[in-house]
Amino acid sequence: MISPRLTQKIAFSLLLLATLMVILPVAVVLFIIVKNGLPGISWEFLTQMPKSGMRAGGILPAIIGTFYLVLGAVVFALPLGVLAAIYLSEYSKDSWMSRLVRLAIINLAGVPSVVFGLFGLALFVGFFKFGASILAGSLTLGIMILPVIITSSREALDSVPKSFREVSLSLGSTKLQTIKYAVLPHALPGILTGTILGIGRAAGETAPILFTVAAFYLPRLPHSAFDQVMALPYHLYVLSTQVPNVDQKIRYGTALVLLTIVLLMNLIAIMIRSYFRGKKKW
Amino acid sequence: MNFRRIKEFFVESAIKISGIASIFIVALIFFFLLKEGVLLFKTEKITHFIFGKNWYPISDPPDFGILPLILGTLLVTLGAALIAVPFGVAAAIYISEVAPGKLKEVLKSGIELLAAIPSVVLGFIGMITIVPWMKIIFKIPTGLTAFSGSIVLAFMAMPTIVSIAEDALHSVPKAYKEGAYALGATKWQTIYRVVLPAASSGVVAAVMLGIGRVVGETMAVMMLTGNSPSMPRGMLYPVRTLTATIAAEMGEAVQGGDHYYALFAIGIILFLITFAINITADLVIHRKRQ
Amino acid sequence: MVTPPIKISVQNLNAFFSTAPSLMNVDIDIEANQILSVIGPANSGKTTFLRCLNRLNDFTPTFKMTGRIALDNKDIYKEYDPVLLRRKVGIIFALPMPLPLTVFENVVYGLRRQYIKDKKILSEAAEKALKDAYLWEEVKDRLDEQAMKLSGGQQQRLCIARTLAVNPDVVLFDEPCSALDPISTAKIEEAMLKLKNHYTIVLVTNNTKQAARVGDKTAFFLMGRLVEMAETGRLFTAPQDKRTDDYISGRFG
């Protein structure tokens, strides 16, 4: 019979080991990609068109493409998401409608990314006849990140003290004025955090853009919202599975650029959150 | 004054419309999947679609049996769950109950970063690490196997499992623990006998949502599992999942053809599976809270 | 003696949260330019009563009420826009609750929501309100500081100034001194006694001594019912109801 103290020691060590097994791969992934990717990064790599069937040159159109897609997704999802969060937090507390909306959001968050791709293909590319285009891809990505923005904005709104609303209303403000002047300003950090997380998510996703916008090889910049573009995650997929004999530097370099963008977004979100948590005045 | 009233009315209407937009969007997704997907069943029987053993979408005549794809998904998911659940739950326990304050924040951020790594990057890393290792360790002709996919998918499920299980453990009332300590239990005994059972439904929900994540994951599986749409023979053989099939073949499918419709029909199946998982997980979480 | 005009008339007021009754058959006339103290133990319905008077309960989804409340002979639930009503009937909450804005912006918050933008008008209104709340001397050089930096007593007087700036007819106080020290409490009571020259005041308090000090009339609530209401002096010296006697002499509550 082992003593309870010893059992505890063993158990805690195993738990720690398991935790490290979950977290360490993050470090390993970062290490591998940074180590092999850095030699591939140069000013030319970031600012030039790909050449000779993507085996040389840069990744500029993929960077620009991802930028446009993310921008479009946020322009669509941010207002819709924040307004939806306002509805849930300020207008429909605990009604059956808000329960239904909550279920819809949970489901939207759980829909497989490739199914969003199918949806985008059927609705935006086919039904609305946008074709495979920045517009169709952005809208698809926007719908995908909508739950992220709604959920975090709602949490941010809910965490604003109820008293702020009562004070504002009791001073003869309308409900909308109360939301605008006494609630929303104090929820901004949380909304910002959610938006940045959504940006990171949209920048990294491949499946939703496969059939809605992503171009396999298009060494020029887009002219309008109805153009196809290359995008970083799809470009990495293409480089690593579809194009044989690519210099590893180009693959790793692309992975590094993509990972940097995505992780930077998450890092910024984490920093904003902890900064405002420390500064909270109520 | 009147002008302001009208303005407020419009803004409030916009808020209400946006509020229920999510319901509308989910319905719209289902409708468009259905609209394209059902057209397959003009020529194909549902039972043959689901239980057919052959997926030959471009033969003449084509054969649209998705049983191998369903089994491929199940196999990869099972493998991933076997890895992700013990590690994920253990990590959740450690982070919630054992880790000291500062370390806890670091570990939580680490989990968030893991969740943030794009699936295509994990797939890429898997291709250059796990796939060659697999080939050497098991002495098999190709490292692109169900097992390779499972390992990487496990890491994609872990953040979901850890964060939701951690929430559940964290919300166990302090009084439970204090009661156990008062009876002379060690910290580990308290965790094992009191905290874990009390949080069990949340942990179950966490596992379910993690599995939901795995079922729906696309890029990494497509890059790692070898994409062989025949009946799976085991963990060390190539397989093809439902998601990978859509992603890999939609580019070639002719719009308006049976192949195109069949891929949408697979989309319906995926939508329904994840829908069921998410609703059930939500019920499990909320049953406990009431 | 001339009886002052009735400012607020409450008739047969019943209030519920979900189905639990919170107020039953309350009839009260509140006279203009007087202070009405409302006393009673916890959960006697006095705060619910107060919040009926400016329709703040409207925002609790489970709240329902019947009966009639009239301000200047007009039904506040039928003949007033709730937003305009709240500009006429201000409220001071139990805890000092400045918004996380500067002192100045707190005071002019309500005016800004009436689309008043003229800096001069806002400054004059802020100064007058702060003077009326006995805070001007202490904060006149600190108007641009965060309101959260003021002391608790100053914050509560800031909340009073903020309410007065909207220029109401009636000011409701909901246990305004429960979080304050005796000196701050005395300042607020002093302010209330001055304010009644211009405003009608309803003061809900847990502190029977405070009710006795400032109230012209006092109403005693118990379990959602108005037990007794009388001139403050009479209620405290010769209560008609035994339950009132028990409460004010400290046998319960």
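Going in written order, the chains are labelled A, B and C, and every chain counts its residues from 1.
Note that a contact is a pair of C-beta atoms (placed from the backbone, for glycine too) under 8 Å apart; a residue touches a chain by one contact, two chains touch by 3 or more.
If you're wondering where the values come from, they're calculated on a predicted model, not measured in any experiment.
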Chain contact topology (line, ring, star, complete or other): line
Middle chain, criterion being Cα centroid separation: A
Distance between the centres, which are taken as Cα means, of chain C and chain A, whole angstrom: 48
Centre-to-centre distance between chain B and chain A (centres being mean Cα positions), rounded to whole Å: 17
Separation of mean Cα positions, chain C and chain B [Å, integer]: 55
Sequence positions of chain A contacting 2 or more other chains: 174
Per-residue multi-chain contacts in chain B, two or more chains: none
Contact set on chain A toward chain B in their complex: 4-5, 7-8, 11-12, 14-16, 18-19, 21-23, 25-26, 29, 32-33, 79-80, 83-84, 86-88, 90-92, 97, 100-101, 103-119, 121-123, 126-127, 143, 146-147, 150, 174-176, 197, 200-201, 203-207, 210-211, 233-234, 236-237, 240-241, 251, 255, 258-259, 262-263, 265-266, 270
For the chain A and chain C complex, residues of the former touching the latter: 93-95, 163-174, 177, 181-182, 186, 281-282
Partner chain A, residues of chain C touching it in the complex: 54, 56, 59, 61, 83-84, 86-87, 90-91, 93, 95, 97, 99-100, 109-110, 112-114, 146, 148, 159, 162-163, 166
Residues of chain B that touch chain A when the two form their complex: 8, 11-12, 14-16, 18-23, 25-26, 28-29, 32-33, 35-36, 86-88, 90-91, 93-95, 98-99, 107, 109-114, 116-125, 127-129, 155, 158, 162, 186-189, 192, 209, 212-213, 215-219, 223, 243, 246-247, 250-251, 255, 263-264, 267, 270-271, 274-275, 277-279, 282
